[in-house]
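In the two complexes below, chain A is the common chain; its partner is chain B in one and chain C in the other.
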Partner chain A sequence: MAQDPILVIGGGISGLTAAIEAAECGCEAVVVEKNAYLGGRVAQLNKYFPKLCPPLCGLEINYRRIKENPRLTFHTQAEVTSITASDGGYNVTIQVAPRFVNDKCVACDACAQACPSERSDDFNFGMSRTKAAYLPFDQAFPQKYVIDGASCKADCGRKCQEACKYGAIDMDMKPETLNLKVSAIVMATGWNPYDITRADNLGMGKVKNVINNMMMERLAAANGPTSGKILRPSDGKEPKKVAFVQCAGSRDENHLPYCSYICCLASLKHISYVKEQYPEAQATMFYIDVRTPGRYEKFYWKVRDMEGVTLTKGKVAKIYNAQGTDDPVVVIEDVLSGKKVEEQFDMVVLASGMEASQRTRPVPVSVSYTPEGMIIPSSLPPGIYASGTAKSPVDVAKSMQDATGIALKSIGKLLSSGGAN
Partner chain B sequence: MSGTTILKPDLGFVNEVIRSGGESLKKCYQCATCSVVCNVTPEDKPFPRKEMLQAQWGLKDQLMKNPDIWLCHQCSDCTAYCPRGAKPGEVLGAIRKMSIKEFSAPGFMAKMVGQPKFLLVLFAIPVLLLLASGAGQTPAGPVAFGKPHGFLFSMYFIDPLFTAAALFALVSLGLGVRKYWKAMAADLPADQAAKINLGAAVKETVSEILAHRRFQKCETTKGRSTAHLLVFYSFIGLFITTILAFVKVILEPNTGYLAFLGHPVQIGESAITGLTVIFKIIGNASALALIAGIFLVMTNRFKNSKKAGVGSYYDWLFITIVAGLGITGLLAELLRISNIPAAYPTYVIHLCFVFFLFAYAPFSKMAHMFYRATAMVFARATGRG
Partner chain C sequence: MEKKYGVYICKGCGIGESLNVDKVIDSVVSNTRFAKDKIKTHGVLCSPEGIAMIREDIKNEGVNALNICACSQRAKYEEFDFPGCVMVRTNLREMVVWSQEPGNEQTGAIAADYVGMGIIKMQKAELPEPGILENLNKTILVIGGGTAGLTAALEASAAGYEVAIVEKEAVLGGMAIKNFKALPSEYPFKELQALPVLEKIKKAESNPKIKIFKSTTVEKIDGQPGLYDVTLKTPAGEEALKAGAIVLAAGYKPYDATKLGKLGYGLPNVVTSTEFEEIAKKGGIKRPLDGKPAKKVAFIQCAGSRDPEHLPYCSHTCCMGSLKQAKYVREADPEAVAMILYKDIRTPGQSELFYMNMQNDPGVMLTKGEVKQVTQGVGGNLMIEAENTLFGGSVKIEADMVVLATGIVPATAGPQAYLDGLAKAAGKGDAEKAKFIEETPKPQFILNLGYRQGPEIPSMEGAFGFADSNFLCFQYETRRTGIYAAGCVRQPMTEAEAEADAAGAAMKAIQCMEHVAKGIAVHPRAWDQTYPDPLMARCTSCKRCTEECPFGAIDEDAKGTPFYKINRCRRCGTCMGACPERIVSFKDFNVDLIGSMIKSVDIPEDGIRVIVLACENDAYPALDTVGIRRQQKLNPAIRVIPVRCLGSTNLVWVADAFSRGVDGLLLLGCKFGEDYQCHFVKGSELANYRFSKVQETLNRLQLEAERCQMMEVGIDDYNKLPEKINQFVKKIEDEIGPNPFKGF
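Then we have the complex of A and B:
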């Protein structure tokens, strides 16, 4: 029998989990993802908690579940532009941007090789460049190239059209508008790394070799800009002394007034990346308090006790470029010794916090936000649910648990408003 | 356990800091951002993080004998960058107010100056004294101040009154500064105490103050040092003016104090005129600088209020007195020159402000110049910069 699907906004780990769980229960689910690929922030990680395995392995299981399930459909490069209540459910409008590549694409890379234009690679936070015809990353799903319309100038499109043997390039693709009637909506809109250039004392964007924690994930990832070798951006030097700056924006009412939950662990994880590649390297983590929620305490002990690892209590509040070098210098007060210290490093990693996506990219629903920009679930209209980091900063495991529960709620809504088969 | 330190928190002190403009004190979570962004702190045991902790814990003794509370110039870089809105700059301001109260005797005066409910009483004292001297009457004839008899009020009453007020202030401040120095020096190891070169430290501190070198390191409240510099030099100018005017009233051939006491000096009319011209020039220039400076002080406060806080009653009382002093002084002069009798009441109000500034100096923010200079000398003498 006909049923209105569940709409999931966001194709990251939370959204995919909600959609797959619902679809595997027999419901129709539609995922709308603004990127050209599914997997969200998790796809950008090198390793993830709790088991520190490569996330693409977990994502691939999900991709397979998606491929095998006819009840789950998804739209990439798509955005929900309006949501109106209708007949117990919602009418939604979805804008899909043209990919300029159709389903015939076999990801052979011929178009990229022929492409004369380049673009900054946002998947790698601008640390590398791709052609205007590109695959977001090697295991991207869907495994289809994309042409960046903004970078593809003049007759640039013609060159890849000629190069493609499969007729997969379609430069005439137009933006599409889809109208859907849905029974329930899951907002799994996720998070962005806080734009820490806004903290003018931390040097991001001004001081060389100051990067954020997500950039560190990309540097360590095998499919990243340095093929997994951690090298500092300015000159490709192997960093032997790395500073990790906690609470870069988090727990700070000038920026994000809350704890972003996972950054301490992320930095400890990054220390383990550095030590794995450079056993002689020195790593110092500067913290206010080290916070390792739940079962993660043991990981903290393990990294803390590694040789060459120092944990210093004192928030970094000034970073500048050491004169005549590419080295950043961090300034702290070592709270335990009561000394103001300046220390030079090869590279500084700012543990920039999680900022809820809807803070910069609101979803067209009437909803109340906490002062921090998190969705207040009780303020959502009936049949609309929020999942994962849209509500509060969480790790992948918690996000997936939440999404599973949210899937059940949306199935309940669907059943009460007409019934699944 | 040997070596255990038992802390004795003074909860009353904590509450007083909170009441004195340090409302945000308890928000501090000791991240030490403040000490890092502070451009004027020494590197070793920097402020203001440790002061925030001492204040939260009610360690009054440690704060009172601490030179750092006065090395702080309330740039408010700490307040601007504080992730918790704990406003260390404002908290240290409150602690300084309490330090003044701690050391300036008699203590009840400090209490009165620190609390708005006593403001009327404090103003009533100069008003009553001036009225008792006949300041209520408007004399006939062209408007003129400062004649010995038969005018607004008797010079022979006003001058001793203000001299006494100034002397009282100086004695109180002197004793306070001595107490503060002793408190700071109490913990000094004997070998370090022996090494103190006071002369050099004073010299360096004076040169630093004259140039406002430390003050200029402020970032968030840039511009404050210029405003303060104007007010600072105008005070020096007005001090010189006062001295010269005093010399004049002592020496004047017919009406001066020496003549009054029966020992007139032989001094030419031209010398007196020359003296008058000099102090009038200095006085008027200083008055203009004072008004401009204090106006800048106020606008800076408003401009920076979002990042640095608006300041406490204590701050604003002092600013208002200085502004009132400058404005009424200039106004009285203009009215006098214009021969408008409203000059008299204006002058009386001006004298009230002068009295307020002098007599209450040990207890108002005016005392900051003495205690801060003392702390700066001590810090220099003990190698704390």
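Then we have the complex of A and C:
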């Protein structure tokens, strides 16, 4: 008996895991991803805590699992625009934005070399620029260029088309609508870094050399804007004194009341990035509580005990630019000593929290959300599941555990009715 | 199958510009004596026209073994998909033209070597025939009837699978059933809830697909995925069971509080958090000593946890647990006060909202501090001394009851510590081993596997006795295929987290059974139909394969002859690398195949040649990326051969290479040790061990040991790798000199 596939919304680590695990159980799975590449947030990470191993390593295995598995298909630059219940499953409509590059692309880079227009590189949070014809990053999967329709001025006489020897550029490509009948849906829509410019006192976007934690990942990554060399943005100086401000937006009723789970560990990891490149550097982490649950404690101890690392309990009141310099100054009350401290740094990294993507881009499903846009699982209609950070902030490990279990729930009916092959 | 060959060389992506393809073909024909008329070229091989050309040869000429010489095997996988054919991808794009100086005269020779190696692989590789064993069983054995075990059982049965739960206690419910109430698991994370585990017990007990064995332990497990023979020890005696996969959900025990005398355990009115649940269950919060309602209850966090002298890890659940118990105190008596003394409050994620709600209760006081000691006060009260508090300095607090938030000790910790101790003692000799066995009380084993490598899942460095893999991105990997750990036996986790985790473990158990039914490997080569097929007639029973297999896939029969249990096998090829007789082969990957590829490489009379064996998941993609980025060049002296895992590298390849005149051998594998990155866990470590002894082989050939080197390479090391390779080549050029066998 032919069975309808499951639909997985989101091609990050959670969605990929759910889809691949389901497909390796013999079920059909379709992944819908809004970016031009798979991998989601983890593709932007330099290393995972606590092993400091590259996320690309696990992604490579996952990409291979996808390549080898005919039961898994995916659509990039795609979004689900409608979901209606039908006959025990769902009818879904998927809108695929034009890539302007077809399957003939060999990723030779000729289009990018010919392209006269530029765009801000969102993969690097605007810290670099790419051509309007670009590959999202060196190891992007699928290995296929994209033309950013919004940045392409299209007045160059289609230089990219001329340069492409493979007939891969199609500037007349139109948005595509796909209709699909699916047996179940997994919402693995992931997260965005909280827009910390909303916390006026922390200086993001106004005070020089204040960045967020995801930008730090890109600065440290070999495929990032500085080829992996951590340099402060304003003048390219090597930062030798770096502050890490925890709970930037998290655990704050004016912003995100919850704890974003990963930021303490991420900052400890960032300290290890800084110390690896600049062994003599000073790093200070300002925290409310250091949250390194389970076996992560060991990683906390390892970083805490490095020379030049200071941990100060307290909430940062203000960050401003020291006059006449590009150095940010952090104002804080040290809770343990009760003293107000002002300290100048070369660079400040705000541990901005995790905001559910659903808050700004909800999937058209009738479901209840927390005020911050986290899905409340018990409100999901039958056959629709939420996985990973769509329902609560978690780390990669927990996200994968969750996605694997959610995969089983989403295919349970198929398996028990003999629908796998 | 009779093979008909076809070699297809693409000229696109700069290959045609950088190489004189006709000359390359001439070299290949002269080096390999391969028929020139079976080599075709195309301007863009991945184009519909190029693919059509290949398809026509398959259809009209019966071509069924292909060497596609174009881009990396990692690219254009949808286009170059010809089911039923032996497929070889020769990487001329990333590994040659995109990573060599344009117009370099050596580029043609490099390409010819790669095409030639591809031809040999095409000639030697065979199509796999899946090895499917008979009488496979699809029952899941779940060890442990707590939250994790029950969830795994319910989820698996909902997907149509039979389950057997083995619970050592007389009742189901594990640690969770000992609780008075459970933490909130959903927004707004405010109110405590009735125990979810009760509902699970009810569902499991009435589920016809779930068979439950209480007061039962596992006496023995033999066999392999799909074919486990389980012997249970039930109150009625032994019972045999067949199973296809296993979920290990044996749970945890609270840390032994008698070791926490400093924190007052042993004094009246000092209890553990588990004991406090029992008190709360009885109604009201009454002191054990005198039954007086407790008015001021102090909770001491990290009782044993985050302490190098006790448990170095954080037990993750205790902060939430004490906040919950503070709520018991407040709900039992609105006048009563709960005080929590903590190092850090750890309520990650949305559990923070529960913490916030509790903070808003004026009867709950939270104080940071490190408790130095708890002593007896008057009237059964207790005095708590804490340092480094937020009030500055140390404080003394009086409470009429103290609750120690004791940590989590996984059920596997005892067996693992015993087996680690045994292995260590055995390493010192038989006498030490006998002494250890005599003097050390044997803990209750859980799995009791009849495996040659031992009765339990091997412990992992830095895992503190948890049955965890230390994999971040593949959470359910263990070194025992078909056995998946879930819940607190794996990592400290809350009930809600254990539920999610258990569903995942059930999924992996199901997947494993379905894969062995089709004769395919499980993760990470979950598509692979090949399997190790040893030529047993030539086996000398040296036992290297049985000892080295990272997954314990090879047992020994009574005579000591290895017995390959292929359903346990993960297809890394470590056995093939270990075997001194070179008898272990996969259909498309074996000692002769790789050795012949090495031997086919053209050795220049003047100039250096280095063979690079690269892990295909990490080092090879890193080299590919050098090509994709086109910012650096690869040293023209190297010839790269991808391998499944560095663990599969056989020492005979060293002899193959050096006796042919190769000047250097470089092994690129994954990081090993505690933070290992090898997806076969031990492959790169074993390769390193094996090659540390390569001296012997090289001495025999009167060659310098430095000619052979292993490097730990991550997939993101692409910007450092070219220089590291250059240094190795330079060292051979400048310091060691060419191989004296050259030209013989």
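Assume the second predicted complex is superposed on the first by the 408 of 421 C-alpha atoms of A that agree within 3 Å, B and C clash if a C-alpha of one lies under 4 Å from a C-alpha of the other, contacts with A are read in each partner's own complex, and residues count from 1 in each chain.
We take it that contacts are C-beta pairs under 8 Å (C-beta built on N, C-alpha and C of every residue); 3 or more make two chains touch, one makes a residue touch a chain.
Nothing here was measured: the structure is a model prediction, and the numbers come from that model.
A.B. asks: For A:316, is the partner it touches chain B (first), chain C (second), both, or none of the two (neither)?
C.D. replies: It touches chain B, and chain C stays clear.
A.B. asks: For A:247, select first, second, both or neither according to whether it touches chain B, chain C, the two together, or no partner.
C.D. replies: A:247 sits against chain B, while chain C stays out of touch.
A.B. asks: On chain A, which partner's contacts cover more residues, chain B's or chain C's?
C.D. replies: C
A.B. asks: A:172 in the overlay: touching chain B, chain C, both, or neither? Say first, second, both or neither.
C.D. replies: Once the two structures are laid over each other on A, A:172 reaches no partner at all.
A.B. asks: Which partner does A:378 contact after superposing on A: first (chain B), second (chain C), both, neither?
C.D. replies: A:378 contacts chain C only, not chain B.
A.B. asks: Between chain B (first) and chain C (second), which, if any, makes contact with A:55: first, second, both or neither?
C.D. replies: Only chain C; A:55 stays clear of chain B.
A.B. asks: Under the stated touch criterion, which partner chain does A:201 make contact with: chain B (first), chain C (second), both, or neither?
C.D. replies: A:201 contacts chain B only, not chain C.
A.B. asks: Go through the superposed model and pick first if A:294 touches only chain B, second if only chain C, both, or neither.
C.D. replies: second
A.B. asks: Between chain B (first) and chain C (second), which, if any, makes contact with A:333: first, second, both or neither?
C.D. replies: Touch partner of A:333: chain B, not chain C.
A.B. asks: Under the contact definition given at the top, report the residues of chain A touching chain B in one complex and chain C in the other.
C.D. replies: 251, 253, 335, 338
A.B. asks: Could you pull out which chain B residues touch chain A in their complex?
C.D. replies: 29-37, 41-46, 49-50, 81, 83-85
A.B. asks: Tell me, which parts of chain A touch chain B in their complex?
C.D. replies: 201, 247, 251-255, 288, 314-318, 331-333, 335, 338-340
A.B. asks: Help me check something: in the complex, which residues belonging to chain C touch chain A?
C.D. replies: Contacts found on chain C: 12-14, 44, 46-47, 71, 74-78, 155-156, 158-161, 186-188, 306, 312-316, 344-353, 356, 368, 388, 390, 392, 462-464, 466, 468, 470, 472-476, 491-493, 497, 499-508, 510-511, 514-515, 523-524, 526-527, 617-618, 621, 625, 628-630, 670-671, 675, 677, 679, 714-719.
A.B. asks: If you look only at chain A, which of its residues touch chain C in the complex?
C.D. replies: Within the complex, chain A touches chain C at residues 13, 21, 24-26, 46, 48, 50-65, 67-69, 103-104, 106-109, 138-139, 143, 165-166, 221-223, 227-228, 251, 253, 257-261, 289-298, 301, 313, 335-338, 370, 374, 376-378, 392-394, 396-398, 400-409, 411-412, 415-418, 420.
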